[in-house]
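Chain lettering (A, B, C and D) follows the sequence in which the chains are written, and residue indices restart at 1 in each chain.
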Amino acid sequence: METRRAESFSDGVFAVAITVLVFNLLPIARHGIKFDELVRDAWPQYAGYVVSFLTIGIMWLNHHTLMAQLAKVDRITLVINTFLLMGVVAVPFPTALVADNLAHGTKVESARLAAVVYGLLLIAISIAYSGLWMYVAANQDTLGARKIRTPLEATIRFSAGLLGYVAGTLVAAFGSPYVAMVIFAAIAVYYLFDHLPDPTGEDGGPPAAGVPGSTSDYDGGPPAG
Amino acid sequence: METRRAESFSDGVFAVAITVLVFNLLPIARHGIKFDELVRDAWPQYAGYVVSFLTIGIMWLNHHTLMAQLAKVDRITLVINTFLLMGVVAVPFPTALVADNLAHGTKVESARLAAVVYGLLLIAISIAYSGLWMYVAANQDTLGARKIRTPLEATIRFSAGLLGYVAGTLVAAFGSPYVAMVIFAAIAVYYLFDHLPDPTGEDGGPPAAGVPGSTSDYDGGPPAG
Amino acid sequence: METRRAESFSDGVFAVAITVLVFNLLPIARHGIKFDELVRDAWPQYAGYVVSFLTIGIMWLNHHTLMAQLAKVDRITLVINTFLLMGVVAVPFPTALVADNLAHGTKVESARLAAVVYGLLLIAISIAYSGLWMYVAANQDTLGARKIRTPLEATIRFSAGLLGYVAGTLVAAFGSPYVAMVIFAAIAVYYLFDHLPDPTGEDGGPPAAGVPGSTSDYDGGPPAG
Amino acid sequence: METRRAESFSDGVFAVAITVLVFNLLPIARHGIKFDELVRDAWPQYAGYVVSFLTIGIMWLNHHTLMAQLAKVDRITLVINTFLLMGVVAVPFPTALVADNLAHGTKVESARLAAVVYGLLLIAISIAYSGLWMYVAANQDTLGARKIRTPLEATIRFSAGLLGYVAGTLVAAFGSPYVAMVIFAAIAVYYLFDHLPDPTGEDGGPPAAGVPGSTSDYDGGPPAG
């Protein structure tokens, strides 16, 4: 299958999944709302919305970076991609779980349980990404549109995110679920601003020349590592 | 109508329908969640999510395989496609029905009824697919972008899925609804890994040469059967 | 603005709106479901789902037919299109209203009210379509990718749908809301199978030659009237 | 990253977000509906639907205008865009809040609070737009597909919307929340009909020649200011 079709379907799934997050906010809206209900009681909902929005946003960016390396996709790629999307679509569920159980007055057992489920889903998605990446790197002669320069470095980078999620989940299980959520948020912000290689190569190597006026189809180079 | 537009609309519908499945998980999230509620009570929700996700994912793949054969679509194709999408969009409903009625403590009549409805919808979608396929194969001179090599074998393969769904529905009606759901899951996994021909021809015949560096528009050959 | 972008956004809105219809089915799924609840009590939900699905499906087809005539879209076109989409997105609301009030045991006043609201929304959407069509026909020198052959006949055809919706709404208000829903369903089926001109011209004039093997960008001729 | 992919994902998010608005209407549909419930009690829901639909519709148009200037997008653009989309997706939440608290019989404190939250979200989105615009204007040598003629005038125009939202929010906080909602509606209508520059340059300068029969990729000139 050509990459464009798989990308287009995946993009649609990401776009809907990220928008479903707002459904966790809608129940806050009630007749005769009070300031306390809106701010003090509902803050975990807003925090969950922001963290999950950034997380899915970065997953989309990662997904694009990966797909941009490929000229076509084969059956195995599509199977791994389906499991990856199954994880991404599920994100609003632990987000709701966390938001419902991190408000004041919740037992710490419930908060812990919610944060662990959140972490486990992120771990599962990370594993699917790593699997997709490793499969693609190992089959780049068949699938790749261009030579992937530094598969090892990129693999390490993907694994770093996975390790961060594992650390956060352990903190949720044995330490504080609030600290765990801060860790998950920090990972999202870190990847947002700093580390994901742009396929057009702005982050390393000579930048791709942006030819004014052209509607370039050039997807850029490989992740610079 | 050109195929691209019909594909693009259908892709959007598939992407939203597959994401709607998460709405069956959201009610599990409650204030003060307990481990038992999250795992023992809710497992049919997770199982339903996974089976239906894989099933819709494969339907999308099937849909793409079919559409990739066509240079354009006519009125009849669009009508059949509309009924097909009407079935795909409905999948989250019997999924919810099954998940609500397969938990422990449900009467077997309700579980049976839910699994039968699930099976009947899958049968209806299969019939729409077979109809679409037979119409397209019969009109390939007008619609086809390329000669379909083995319409008979492909028709048999589509029918095999239909027979599997009929068998599962009969098991649900007269045997165990749990076994029926396992059959539906097995059909999804089977098609995911093994049997659907890739339009780029990886599964049979000489593979299409993946020319590195090109953003190929080549959709591949016909299903190899 | 180029037509492609406006089409792509509109397609997305149509795809989500048509999928939202399933949310009217989800509440039927309950723990311990009985056959009577699933069939006798819920049939108006299924009927509403089918009628509204076909109606939105045809609206999408109509929308594509119209847009395929245009080389670009101007500000007024986009404004009318926004109001049109505002109507299409709202369709699940009167669908829910009708489904909740056509079951046995509902007072006829409620059923009547629901069917009238359903009809009024379809009328509003039809007026937006007619407005869009008349504006486009009047400005085809500026907007049109090709000469529109028979704007008068096409205008009459669009108006016929509008008249049908007005008739159905009057029947809902002063006669039977059930008959009104049958009329709305009949209009959908009629347009689905018989009357909407295909932009590739299959319905009239010489058919566009489907060149096997090409991925044609050809959008076909104008509506043949 | 090429602009097309970022646009396509953003378009999907806008399309879903605008459609989510209908979920605020669905609870109005009840068994045994009465005219008063449907009209007198529910009018704030309809008003909220219309105002937010137009507002998101214009935001999409603005977004397209901005993106059409760019040949490619860099990391900072994507980060600002993610925050922008985070605001757009959230719009259905304050819409529900306003609709639930502007009906007759609500305390003015709740109505005020709801309208202030609505205004604050619009302000946040406006700031994200202004930020995106200023970043793009400052980096047009790297990102721009064409020379942006009048960044200053365009910046002023974007800021005018922001000022309007600030004014509306102040009115909501210290005056009437109803008047505030009228102001937000008026801003949407004003931008819809009058002020946003069309990328194809219809609003100023020589109009782009619409070449009949071609499927032009031409995105038009810069905003005329």
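What we mean here is this: contacts are C-beta pairs under 8 Å (C-beta built on N, C-alpha and C of every residue); 3 or more make two chains touch, one makes a residue touch a chain.
Computed from a prediction, not measured in an experiment: that's the story for all the values here.
Asker: Give me the superposition rotation angle from subunit C to subunit D, based on Cα atoms, as a multiple of 5 degrees.
Answerer: 90
Asker: With over half of the numbers shared counting as same, classify the subunit A/subunit D interface as same or different.
Answerer: Comparing the two copies, subunit A and subunit D contact each other through largely different residue numbers, since under half are shared.
Asker: Please work out the Cα centroid separation of subunit B and subunit C, and write it as a whole number of Å.
Answerer: Spacing between the chain centres: roughly 26 Å.
Asker: Could you state the distance in Å from the CA-based centre of subunit B to that of subunit D?
Answerer: Chain centres of subunit B and subunit D, defined by C-alpha means, are spaced 36 Å apart.
Asker: For subunit B, jot down the residues that touch at least 2 other chains.
Answerer: 8, 12, 15-16, 23, 217, 219
Asker: Per the contact definition, I'd like the list of subunit C residues that touch subunit D in the complex.
Answerer: Listed in rising order, the residues of subunit C that touch subunit D are 1-2, 4-5, 8-9, 12-13, 15-17, 20, 23-24, 71-72, 74-75, 78-79, 82, 85-86, 89-90, 92-94, 96-97, 99-101, 103, 106-107, 109-110, 113-114, 117, 142-147, 217, 219.
Asker: For subunit A, which residues are in contact with subunit D within the complex?
Answerer: Within the complex, subunit A contacts subunit D at residues 7-8, 11-12, 14-16, 18-19, 21-23, 25-26, 28-35, 38, 49-50, 53-54, 57, 60-61, 64, 68, 192-193, 196, 198-200, 202-203, 208, 210-220.
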